[in-house]
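We just call them A, B, C, D, E and F in the order they show up, numbering each chain from 1.
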Amino acid sequence: MRPSQRRPDELRPLRFTRGFTRHAEGSVLVECGDTRVLCTASVEARVPPFLKGQGKGWITAEYGMLPRATDQRTQREATKGKQGGRTLEIQRLIGRSLRAAVDLRALGERSITLDCDVLQADGGTRTASITGAWVALRDAVDGLLARGELASSPIHSQVAAVSVGIYNGVPVLDLDYAEDSAAETDMNLIMDGEGRFIEVQGTAEGAPFSREELDALLALGAAGIRQIQTAQRAALGQ
Amino acid sequence: MRPSQRRPDELRPLRFTRGFTRHAEGSVLVECGDTRVLCTASVEARVPPFLKGQGKGWITAEYGMLPRATDQRTQREATKGKQGGRTLEIQRLIGRSLRAAVDLRALGERSITLDCDVLQADGGTRTASITGAWVALRDAVDGLLARGELASSPIHSQVAAVSVGIYNGVPVLDLDYAEDSAAETDMNLIMDGEGRFIEVQGTAEGAPFSREELDALLALGAAGIRQIQTAQRAALGQ
Amino acid sequence: MRPSQRRPDELRPLRFTRGFTRHAEGSVLVECGDTRVLCTASVEARVPPFLKGQGKGWITAEYGMLPRATDQRTQREATKGKQGGRTLEIQRLIGRSLRAAVDLRALGERSITLDCDVLQADGGTRTASITGAWVALRDAVDGLLARGELASSPIHSQVAAVSVGIYNGVPVLDLDYAEDSAAETDMNLIMDGEGRFIEVQGTAEGAPFSREELDALLALGAAGIRQIQTAQRAALGQ
Amino acid sequence: MRPSQRRPDELRPLRFTRGFTRHAEGSVLVECGDTRVLCTASVEARVPPFLKGQGKGWITAEYGMLPRATDQRTQREATKGKQGGRTLEIQRLIGRSLRAAVDLRALGERSITLDCDVLQADGGTRTASITGAWVALRDAVDGLLARGELASSPIHSQVAAVSVGIYNGVPVLDLDYAEDSAAETDMNLIMDGEGRFIEVQGTAEGAPFSREELDALLALGAAGIRQIQTAQRAALGQ
Amino acid sequence: MRPSQRRPDELRPLRFTRGFTRHAEGSVLVECGDTRVLCTASVEARVPPFLKGQGKGWITAEYGMLPRATDQRTQREATKGKQGGRTLEIQRLIGRSLRAAVDLRALGERSITLDCDVLQADGGTRTASITGAWVALRDAVDGLLARGELASSPIHSQVAAVSVGIYNGVPVLDLDYAEDSAAETDMNLIMDGEGRFIEVQGTAEGAPFSREELDALLALGAAGIRQIQTAQRAALGQ
Amino acid sequence: MRPSQRRPDELRPLRFTRGFTRHAEGSVLVECGDTRVLCTASVEARVPPFLKGQGKGWITAEYGMLPRATDQRTQREATKGKQGGRTLEIQRLIGRSLRAAVDLRALGERSITLDCDVLQADGGTRTASITGAWVALRDAVDGLLARGELASSPIHSQVAAVSVGIYNGVPVLDLDYAEDSAAETDMNLIMDGEGRFIEVQGTAEGAPFSREELDALLALGAAGIRQIQTAQRAALGQ
């Protein structure tokens, strides 16, 4: 039995609030149960030095957690003087996943920065960030299209993410914090709209996992991602 | 005429959402017009090294701004590797102002950290932070009282803050960003529930100001703070 | 009774030594009683990036304290790897106050950096820094005029600063360390040559202060600043 | 055809030099083709603060690359003042993978740090690091057993890693730099001696990958890891 | 001919002002021509962690230069966020040289920190720092003796330093900045009261130097140091 | 008797392995007994900002130690976030010494960086680094000559270094760690091919040293350097 009483293959309630703040070109509050992440997309008419003059754009991401997004207050990374390894790992993952969905040449010499800031954490903040950031990215690009700054969309696929894991010996979908901290195995799946994998990251937190367990987790995650992608499209009014 | 069409002595709509997030002992979203700050109060059963063993508690504050809280994206302080001078100045001010309202000995060997994170900025983020943090502090202390961890409240006064300034030659209350960036003089007032000053910070951004202008600003601010304090009490159900 | 036996409205002996070091365009040792600050003005023929190509100059300040300027040795900020919040706050204040006295366009594309280094501290180092830095700035600008690099002075007003506070219930002028560390209220006033305010920063260290107390402090400070400005002009041989 | 003329399922020559340096409790130079990593295991009789007094040990890892391990000189992280995101990600992965093989309670209150320093890079440095670090860890633990500091080995399984990827549309094993930088998909597999997964990390560098491709890569990697584990045991004289 | 018209073996005027600032246990302004360094000695009743509980004391030094001690303003190390290589090298040299003169066991569990801050630079700041710091150290230790905190002096020898170099092909003593920046060879000598060497640091800035040149420099420096040591003793009233 | 049974004037076995790694333009593993340093020379077609457009090149060095090069593991400087004073001092010395051997104008607008990374330490790492770096520099320059990028060699002299010291009252050559950590006096000599001094750095670790001792050390070191230079030339096939 899951702590949340959910069935093994049941997602948490998923909600997108577009336009959550007013300055960003895309601003989406994504809520997966009690996990709430504010994803903003900021468009800037310049690219990092390594891309200058190549006629290509760039998609990057930054991730942060408010100090009291968690049960125990965590130290603010700005006061520590650096981002931790976990933060860097997550923001590299978000950026990489969204770049997989965008034709950077079609974007032109522009950067879009996805800032994913966790207001409240209950497990799955990295997958929620990716899921929400894709919607914010869409809003930012739709704005560029609407203003005529782009003639066609450089986004060629849909991106969503979910976690799966083995909890009390049972493969379960979309782990919350109570499950995540006790899971034997934890896997994050990121997939495109055609059901192909953009990223697979499975970790044996406790005991190593067999090929059979891996297969069960992949199937569970793929089914969950299909539901999430339906919700993303609904949020965008499609 | 003010850009927002407000009268010179008119506050922006002020709203407090208590319990905005679930982990913190106090969690208040304060909105002053389009400025929105999440103020959380975190109680910890320890004090900084310089206070160890003195039977006293501590109140401190940290301030941050999400990168896209502003019209142009600002660099995340965690990636820069340090908090800027403005941030340090503001968080020192918030902490100092709230300590003025608390009997640290009556608090016992506890720390309460007020995290003020700006989700959306439109001028007056430091005064909104102080105003909201006081409500979050009350919620955290009320929790300690309710759980019997404290017998009586160590908070002996109410704290609220507002900005006043001279805009187009006219003293105005509660400046938004459009006014703030064009004001000749900018003043932040922090007052207690008895109408006394906790902090007065006036700066001639453009031209120096006369004693008469200072008097006008002080009067305008004191009237505004009385309204804000009424709203704080209403939010707390008093 | 003040620890120094001074009357409530009595300044400490104030002394300016111009040309204290030989390399800087302006170099003034200012002594307010036992507080001694070396203020140097350095002229450079370039401006910060954000001002490039605008035909305007820049005035900025840096503040430091020698490790043993104080009774207890303080850690050197260069070894800590960063300037503390207090340092940043003070140097921002010095720079802002002096910019209020200068027509940056008339200065041309030049920077003047005021370095205020405290050799010995006994309270009031930030106000002494401002008072001394203005004299150093004058010397640097007079040099530019003498060498024909500027046709007329971009300095349009005189700037001086003093602290006032409530000590043992009595408003007093120009607090030394013994008073400062015990004061209920501490206020720094920065005024121009016409008696107008450039900056007012009042803080309730202990108890909040009333409007009557504020008025008394403002009057005491204004009178003190008039004496300081007379001393500044005398030091410059006017 | 692979640039190295290898068959798709062919590993690069793999060599372990134990006792490569003399100070460390375990010191192994691992060579996978032209990739050479020095893995040292350092035993210390203390644990990190978060484990103090729990009767458990700790395994951790650090990763570095000599500035000219690569074709173009990279900036030394010690002069940059911080480890980059890639470095942190890799060393977290190495530490996590080896902890999966060790009973930390049986290790007692000891730390073993695995330093993996790349002397020469030609792709696959993170998997070579894990493979080599496990051998160094064995040597360090065997020393503890030989000196009677441990009665039985806390290492309960064998750990090895390999990369697989899709290069020119073909799944290949153990990518070198030429393949790695051109691969569409890159996957790192870490497995135990029973053929179970400790970590699976697959990334679509170019195009997303299908379930069929994922299955092919998993099979290819599992076969490669069996060979690597045979070589590890041979190096240890088993 | 030397720029300063001095004979090759002529020191610059040397002056010690003891008690230059009032807080430090030793405070000496040393002036070697236009080079002026404030050397303070701070006594603290604790030792660094690596010496705890060994019944020994510690002598250490820190070195700094005010930004405008030099002809061109240099960036403040506190704003750069770290001490440069030159600074670290000099402060390590000062500390090491003074430790050579002190019986650390006889000092007891105390630290004495020598802060050497250059107010004005004209070459030879590191040797002036050592020369002045020894006088400040004596004053600090004499205070400990006078207050009965030490029964006998732990200082067993006198320490002084001077620079010598080859300028325009001629060995010269006590180089000023004009000579230093043009010298082919630059050597710093640190000697004790018995004419023995504590440190010899010779560098070929331009052309390598022969054994004969080295001998000439050593003789010139030894003679200079005897004069400096006489001046040190005179300053201390001996 | 020396711990290593060597005669006082006996060097440790010295070995150079050229082409130790394959990417760098020069790559030399130098072994002095148990001290092993990998010295790579990296040629880049650019110069630091302060040399831009002057038609001159630059030679610089960086030094590092692997964490377990030493008997006790030392903290990695990349994780500390800065290079220590000892590291900076050594790399400044290496760079300065090699620049003394090169006509920077004849090098053209190129930088050569010598990275000296200690794989195993047993005393004398800085002198071994200089000795090995000169061989690596030669290999890099020979490559430029061979590829026709330079018409004639900018290296005008040979550079080698050795340590000498007073151990148990006896002057000895080429100290290993056991001697170095117990020596009364420690001196590093760096000389050119004509037997002239590039750098002399002598430090009284324990007791100050006399002129006679200094002379003995200089003679011992000069004889050792002649042998080392013979070995350098042999390694280069001359």
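To be clear about the criterion, a contact is a pair of C-beta atoms (placed from the backbone, for glycine too) under 8 Å apart; a residue touches a chain by one contact, two chains touch by 3 or more.
The chain list, named the UniProt way, goes like this: A, B, C, D, E, F = Ribonuclease PH.
Every value quoted in this text rests on a predicted model; they were computed, and no experiment measured them.
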What chains do chain B (Ribonuclease PH) and chain E (Ribonuclease PH) have as common neighbours? C
What's the fewest number of moves from chain B (Ribonuclease PH) to chain D (Ribonuclease PH), given that each move must go to a chain touching the current one? 2
With centres defined as the mean of Cα atoms, the chain at greatest distance from chain D (Ribonuclease PH) is chain C
As a quick test, compute the distance in whole Å between the mean CA positions of chain C (Ribonuclease PH) and chain E (Ribonuclease PH). 33
As a quick test, compute the distance in whole Å between the mean CA positions of chain A (Ribonuclease PH) and chain E (Ribonuclease PH). 59
What positions in chain E (Ribonuclease PH) touch 2 or more of the other chains? 81-82
Beginning with chain C (Ribonuclease PH) and continuing through chain E (Ribonuclease PH), what order do the ring chains follow? C, E, F, D, A, B
Name, in rising order, each residue of chain B (Ribonuclease PH) that touches chain A (Ribonuclease PH) in their complex. 21-24, 27, 34, 36, 38, 40, 42, 44, 62, 64, 66-71, 73, 76-83, 87, 113, 115, 117, 119-121
For the chain A (Ribonuclease PH) and chain D (Ribonuclease PH) complex, residues of the former touching the latter: 82, 84-86, 88-89, 91-92, 96, 100, 157, 187, 191-192, 194-204, 207-211, 214, 218
